[in-house]
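The first chain written gets the first letter, and so on, giving A, B and C; residue counts start at 1 in each chain.
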Amino acid sequence: MNGTILADGLSKHFSRHRRAGLLRRWRTTVRAVDGITFRVEPGEMVGYIGPNGAGKSTTVKMLTGILFPSGGTARVAGLDPARQRVALARRIGVVFGQRRQLWWDLPLGTSFELLRHVYRVPEPRFRANLATFVELLELGPFLDTPVRQLSLGQVMRGELTAALLHDPEVVFLDEPTIGLDVESKARALDFLSALNRERGTTVMMTTHDVADLERMCPRMLIIDSGRLIFDGPVADIKRFGVERTLVVDLEAPRPALWVEGVDDVRVDGRRQWLQFRRDQVSAPDLIARVASAAAVVDLTVEETPIEEIIRRIYREGMEGLTA
Amino acid sequence: MTYRTSTVLLTIGAALATFMDFLMIAAIMGHLPTLDGWSLPEVGLLYGIAGVAFGITDMCVGNLDLLPRQIRDGTFDVVLVRPVGSLFQVLAMEFGVRRVGKVLQSGAVLAISLTRLHVAWTGPKVAMLAVAPVTASLIFGSVWVIAISQVFWTVDTGEVANSFTYGGSFLTSYPISIFSGWLRDLLAFVIPMAFVSYYPALFILGRPDPLGLPAFTPLLTPLVALAMLGVAGLIWRTGVRHYRGTGS
Amino acid sequence: MRVYWELARVGYLRQTAYWGATCAGVFTNTVWGFMISFVQLALFAAHTRVAGYDATDALTYVWVSQGMLMTVYIWGGWVEIAQRIRTGDIATDFHRPVDFQGYWLAQDIGRALYHAIFRGIPPVLVASLVFHLRFPTSPLTWLVFAVSLLLAVCISFALRFLVNLSAFWILDHRGVASIASFAWPFLAGMYGIPLAYLPEPIYRVVSVLPFASMGQAPLSVFLEKPGLVPTLALQAVWVVALLALGRVVLARAERRLVVQGG
C-alpha cells in the first residue's frame, strides 16, 4: 500500500491569446501553478485551500493524470500520473465537485455495477464495499433511481461511493461540497474522516471554504496565485481565522452597536457589521446582547474568508505562524 | 415506459429520414437509364453497401459527436481518470440502437438491388460482398474519429466533422466517377472513400475501373481499412495528448 | 407593433453569439453544395433539359437551396417551446402581454434574417466563382423572392410551432417530432433536387403540400419559373391556414394548462 503524494517544483503554464485590436494578438503566459512542492504521507488527510483561480483544480488535474505538468515532477502512489495514467487510475479515486462520474440516465446501482467492471473489482470485495457504503451513506432508498432525478446531496454521496468502490489508496476531491446544504456537507465530510481512520486511505481535498477543512483535515496547504504559501497544521490557521462578523438588519437605523465583545463596527443605514473574536465571545451571547440593545429584523454570521486569512499571512508572514 | 415509446418513434423516424436519401437517387435516376454508366440497381448496390456500413458505424461510433460537448463541460476529465482507454470509453458510452434504421433500410435496398442485378457470382465475389460492409464500416469509423479529433485543437461544435462523416455517406452512395478532377482525387483517395463502396462494387460487378487503376485495386480494400484504423488511432492519441498538455 | 420589431431584433441578436457555428455551417453547406452539384452535372451530361430545368438552373437550385436551408429551418429539431412546456416555464410565457404566437414568430423572423445573410450568401458566393449560376436580373424579382422567402419562413415556423405544441399532450415530443418531420426537407425540395424531377403525378400532389411552399416555392421565384402568382398565392394560403391552425391548437393548450394547473 503506497498512498504517497509527491509534488516537486510542480508547475503548469498556459498560453493565452488576447486580442488587441482587430488583427494583433498578444500571447500571455498564465502561471496557474508555479513551483509547488509538498509531500503527503500515506494515510494523511490534507486540505488544499485557496481562493478561486488559485490553481487548486489544476494541481489536482496534474496529480491525477489529466494534465501534463509544464515543469517539475509528480508522483502518486509511486507512479507518474502523466506517463502512467491508466495504471494510476486503478489506484486512485477522484470526486469532482462539478462533474459527474456517474452515468446520468442510469439508476445509481447500475452505475456502481458498471464501475465494478471498469475497475475490475473482484466480486466479493465489491459487494462488501458496496454494502458498507450503502449503509454508511444511506443510499438504500434510491439505488434504483436514475441519477438525474437525485438531489445534489444524494448525487454527491453516490459520487463518493463511486470513487471508493475499488479500494483506492489515494482519494482526490475537487471542491466536493459546492452547492451542498449544511447537513449533506457534514455527512460527506464525516464519511471521509471515517474512511481515512479505518482504511488508511490518503485523502486530499480542495476547497475554498475554510470551515470544511477545520472540520476534518489536520493538515492544510494554502495556495494563492499558483504558489504554496502555507503548509502546516490547521490549528495554526485558527489563529488567523478567529474573527467573525455578525451582520444585523435592524428595524430602524441606529448608531453603532458597540456592545460588549464587539471589536469593530461598520454602519450602513439599517445594516451593521459587527466584528468579534470567537475565542472571546460566542455568537449566541453576542446575538443576545445585540437583540436586547436594538430591534433586529434579520442576522447572519460570517466567517473569515480564506482571502482574508491569506492576506494576514502575507502581512504577518509565515514566521508568525510557527511562534 | 414512455421513454421506450419515444425511442421506438425516434428509431422509426430516423429510418424513414434515411430513406429520403434513396428517394433522392431514385428521383434523379428516373430521368436516366444510367448515371455515368451505372444503372439503378448498380447504384443501389453502391448505396446499399455504403448505407449498411454507415449505419453500423453510426451505431458503434456515433457517440463521438458528443465529444465537443464533453470537452466543453469538462466531462472528458472524468474519462481520463478511469483506468480504460479514452476512445473506448467515449464509444462505449451509449450504443445507438436508434440508428439501426439506416442499416435495415439500406440492407433492403441492397437486397433488392442484388436481385435485379445479373452477377456472375464466384467465391471471391461473395467474399467481397460479405467483407465490404465491414471494411467500409472501418473506413467510415476511422474518418469519423479523425474528423471529430479536431475538436481537441479547435473550439468547434463538431459540425465541420459532420460534413465529412455524413458527407462521406452521401458521396459513397454514388459512383465516384461523377466527381471530377482534384475534388475526386481528394475525396476518393486521400480520404479513401472510393474503397468504401465503389471498388468493392466494381469487383462484384466485374467491371473495369474507368479511372484506370489496376484490376487488383479492389482487393486492397481491407488493407486500406486497416491503414485508416491506424491513422485514426494515432490522431486520436495525439489529440488526447494535446488536451492533456493544454487543458483545453 | 413596436414590440414585435424588438423581438425580431432579439431573434437576430441571439444568433450573433454563435458565429463559430455559423462558420462551420457555411463550410458544411459548401461541401454539400459541391457534392450535390456533381450529381446534377452527371444528370445533365445525358440531357440538356430535365423537367424544365437546364444545367445552370439546376446548379443555381442546388446552391440557393443550400443557402436557404438554415434560413427556412425545415427540420423538426427546433424544440424551444416544447422544452419550456416540459419545464413548466411556459406558464410565464402566457402571462406576458404579448401574443404568444407572435412572440415566437417575430423572433424566428429575426433569426431567419441572420441566417439568410450569414449562412445564405457565402456559399452562393463561393459557388458563383466555380460554377455558372443564374441570378435574377430584375430588381423586382429579387423583391418578390424576399417576400416569398419570408412567407416560407412563416410556413416553416407554423409547422414547427404545431409540432412543439404537441408537448402539451405528449410526454416525449421528440419521438413525435421525429416521425412528423422526417420528410419535410425532402418534400420541400431542399435536398438539392427540384421536386419537378419527381414523376408527374407525384409531383402534382407534392407541390400543393405546405412543404413545397417552404422550399421549392422561393426557389421557383428565384429562377423565374412560370406560375409566379399561383406559387405566391399558395404560399399565402398555407401561411394563413397553418398559423390559424396553430392558434386553434394553442387555445386548446391554454385551456388544458389552466385546467391542469401547469
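The rule is short, and it goes like this: contacts are C-beta pairs under 8 Å (C-beta built on N, C-alpha and C of every residue); 3 or more make two chains touch, one makes a residue touch a chain.
Since the model is a prediction, treat every value here as computed from it, not as a measurement.
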By C-alpha centroids, what is the most central chain here?
B
Dominant interface by pair count is B-C
Distance from chain B to chain A - Cα centre to Cα centre, in angstrom
46
Could you tell me the distance, in whole angstrom, between the mean C-alpha positions of chain B and chain C?
28
State, to the nearest whole Å, the distance from the C-alpha centre of chain A to the C-alpha centre of chain C.
51
So, in the complex, the side of chain B touching chain A is made of residues 73-75, 77-78, 80-85, 241, 244-247
Residues of chain B touching chain C in the complex:
2-3, 5-10, 12-14, 16-17, 20, 23-24, 27-28, 30-32, 35-36, 155-157, 159-160, 162-164, 167, 170-171, 174, 178-180, 183
Touching residues of chain A toward chain B in the complex: what are they?
12, 14-15, 58, 61, 64-68, 82, 85-87, 89-90, 92, 94, 96, 98-101, 118-119
Residues on chain C engaged by chain B in the complex (per definition of touch)
20-21, 24-25, 27-28, 31-32, 34-35, 38-39, 41-43, 45-47, 50-51, 171-172, 174-179, 181-183, 185-186, 191-193, 197-199
